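Dumping the structure here so I can ask a few things about it.
Letters are used for the chains, namely A, B, C, D, E and F, taken in the order the chains are written, and counting of residues starts over at 1 for each.
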Amino acid sequence: MTTLIIIDQPPYGNWAGREGLDMAFSLAAFDQPVALLFTGAGVNWLRQGQQAELIAQKNVDRNLSAATVFGVDQLLADSTSLTRFGLAPVDLLAGVETVRFEPALLSSYSHVVCP
Amino acid sequence: MTTLIIIDQPPYGNWAGREGLDMAFSLAAFDQPVALLFTGAGVNWLRQGQQAELIAQKNVDRNLSAATVFGVDQLLADSTSLTRFGLAPVDLLAGVETVRFEPALLSSYSHVVCP
Amino acid sequence: MPSPRILTYTLVITGAPYTSQAPQTALNFAQAVLAAGHTIDRVFLYGDGIHLASVLAAPPSDEANWTQRWGELLTAHEIPAVACIASALRRGLLDPAEQARYEKPAANLAAPFEIAGLGEWVEGQLQSSRVVYFHSGA
Amino acid sequence: MPSPRILTYTLVITGAPYTSQAPQTALNFAQAVLAAGHTIDRVFLYGDGIHLASVLAAPPSDEANWTQRWGELLTAHEIPAVACIASALRRGLLDPAEQARYEKPAANLAAPFEIAGLGEWVEGQLQSSRVVYFHSGA
Amino acid sequence: MTTLHILNKSPDHPRFALCLAAVTGEDQLLLTENAVLALADTTLTLPARVAALAADMDARGLTGNGLSRYGVGFDHMVRLTTQASRIISW
Amino acid sequence: MTTLHILNKSPDHPRFALCLAAVTGEDQLLLTENAVLALADTTLTLPARVAALAADMDARGLTGNGLSRYGVGFDHMVRLTTQASRIISW
């Protein structure tokens, strides 16, 4: 019964990604199984060294780094998107698992939400 | 001193295109020279036979057909986008001029707005 | 063909009226759900979707008032409708309790909408047989 | 290098706060325009940008209140700021006059913003040496 | 497990391609709102099982050219949601 | 006539490609908000005269890899608007 939340919007320029993260953390807070999948420009949420305070927003990287502590089961990132944005494993927050975005990946989740 | 308003969003699903049309008609109402350029999925504003009342919205095709009467100087449409959406001249509202979206086209306008 | 069964739905609207088509597509879908004999457990407004619950929307008289149309459906069928509190506060949608808490000059939440947390959405995910989202288009 | 001259600006904001970054990018730009000695003739809010003028926005205390920050800049520099009336009415942004006209229970326009027509934007196009737009991102 | 994919984005929106990459041969795709324009987009190949909301097609003038066979009403949309074991709104 | 193009859309948004199709060799492109991610997008070729708001780059962690030479402040953005004879915000 795990819910997969897909984040395909990049950070800070619009709120869709952030609202997806809030959904994931909310499921986790209610002890519901949840995983996050970052794809497209959304993989940029996972880049180390974000300084969102410079544009008067809240950094999410600390929350994301601690996502599994908060009860989020998996942080997944699409490998093609990572390559596109020049993101090697060393550039990423801890705990990110690289996957391929394809139907077989999605099929293991009972709910899939793409906010 | 002509203003070019670029419409690249399709009709009815979001308001950006419609708000661009309102800007164009507003300039025309104040006797300011203005042209409209439709490109990308935006060319679908120019398709004949729209029935927006079926989704409880206002048809714009009558307004667009009469755009030159209201003082809009030109209705331009990007040829590549027309081809992509299968739009032949016979499918279009009256008065549409086919052009190619390129820097040379834009350079003749003093203001270019892409809402 | 499987025999028809009664299902329960949670509808989540994340697109605003007069900017996206989401509230109107969702309304047509909701009417068809009810016409088919199914049940709508709740409607949850999230993100920009919370603007649907503003009592102050004043569209031109020849355009639909989506807040009012949704309000009529919700009331007629006693369907609870909740705007996410985090989305609502940031965007300036307040009920009298939040108006008082933040010392604001007015409240603007339309009846019968209510303001509550994402827990309402989690409950929908758990309880309803179907959850359908109506996002902002593009 | 051309010698510095004083230019006049109209800023048009079409993206909403807490959904797009437009109001904050526009604010930083406006501060830099003024710091460089130029003048801002007016700020025009259009489409979803009108939500910037809602006095009811209540963001969490650790997030910026963009309506308040913009209001301070506008007041300090006596810059007129206008929300497009057609955009505002549909989206539920009302001043007391529109509240009365549409018989609504409240008004929610923040000072010093005003509500007026697209003519204000046309005037900006004609009078200001520069017009800069701040759209919703994606 | 068959999935119903509900897609409301314009064909040039990145979400459109993302959705297509998630649809299998058994899945059902339902085009709504601006996504119905995909039926007229000559650069696209849509999956086998595709339907579109007729009201959205008619609103945008997508009537001729044999397109009407794709059109369905909201009653059919409800039926699709009852038949699918999973629904993804893109 | 040189044009300043101000672009705030993510590289996968259709508006991004539209803007690039409008930029000439003499024009200046300024990337703001999510558009700064284009500097990291290995699938893109950007025009010769390109700058990006440093605050937006830093917010998104785009600091290393020789990217900092693209970063400019809002004072520079103002200067660009004074120098251009025309400004298009995409």
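Quick notes on this one:
What we mean here is this: a contact is a pair of C-beta atoms (placed from the backbone, for glycine too) under 8 Å apart; a residue touches a chain by one contact, two chains touch by 3 or more.
Here the structure is a predicted model, which means the values were calculated and not measured.
Contact tally for A-C versus C-E: the pair with more C-beta pairs in contact is C-E. Rotation relating chain E to chain F, from a C-alpha superposition: 180°, rounded in steps of 5. Annotation: the chain C:chain D pair of sequence copies touches via predominantly the same residues, more than half of the used numbers being shared.
If you average the CA atoms of chain C and of chain F, the two centres end up 38 Å from each other. With centres defined as mean CA coordinates, chain D is found 28 Å away from chain C. A straight line joining the Cα centres of chain B and chain C is 33 Å long. Looking at chain C, residues 18-19, 21, 47, 63, 131, 133, 135, 137-138 sit in touch with two or more other chains. Residues of chain F in contact with at least two other chains: 8, 10, 12-15, 33-35, 55, 89-90. Residues of chain B found to touch two or more other chains are 9, 12-15, 40-41, 55, 57, 111, 113-114.
Contacting chain pairs (ordered by label): A-C, A-D, A-E, A-F, B-C, B-D, B-E, B-F, C-D, C-E, D-F, E-F. Those residues of chain A that touch chain F in the shared complex are 9-14, 40-41, 44, 47-52, 54-55, 57, 83-87.
Chain contact summary for the complex, chain D toward chain F: residues 2, 4-5, 7, 9, 21-22, 25, 28-29, 31-33, 35-36, 38, 130-135, 137-138.
The part of chain E that touches chain C in the complex is made up of residues 6, 8-10, 13, 15, 32-35, 53, 55, 73-75, 77-79, 81-83, 87, 89-90. Interface residues of chain F facing chain A in the complex, by the touch rule stated above, are 8, 10-12, 33-35, 37, 40-43, 55-56, 58-63, 65.
For chain A in complex with chain C, the touching residues are 3, 15-16, 19, 22-23, 26-27, 30, 32, 111, 113-115.
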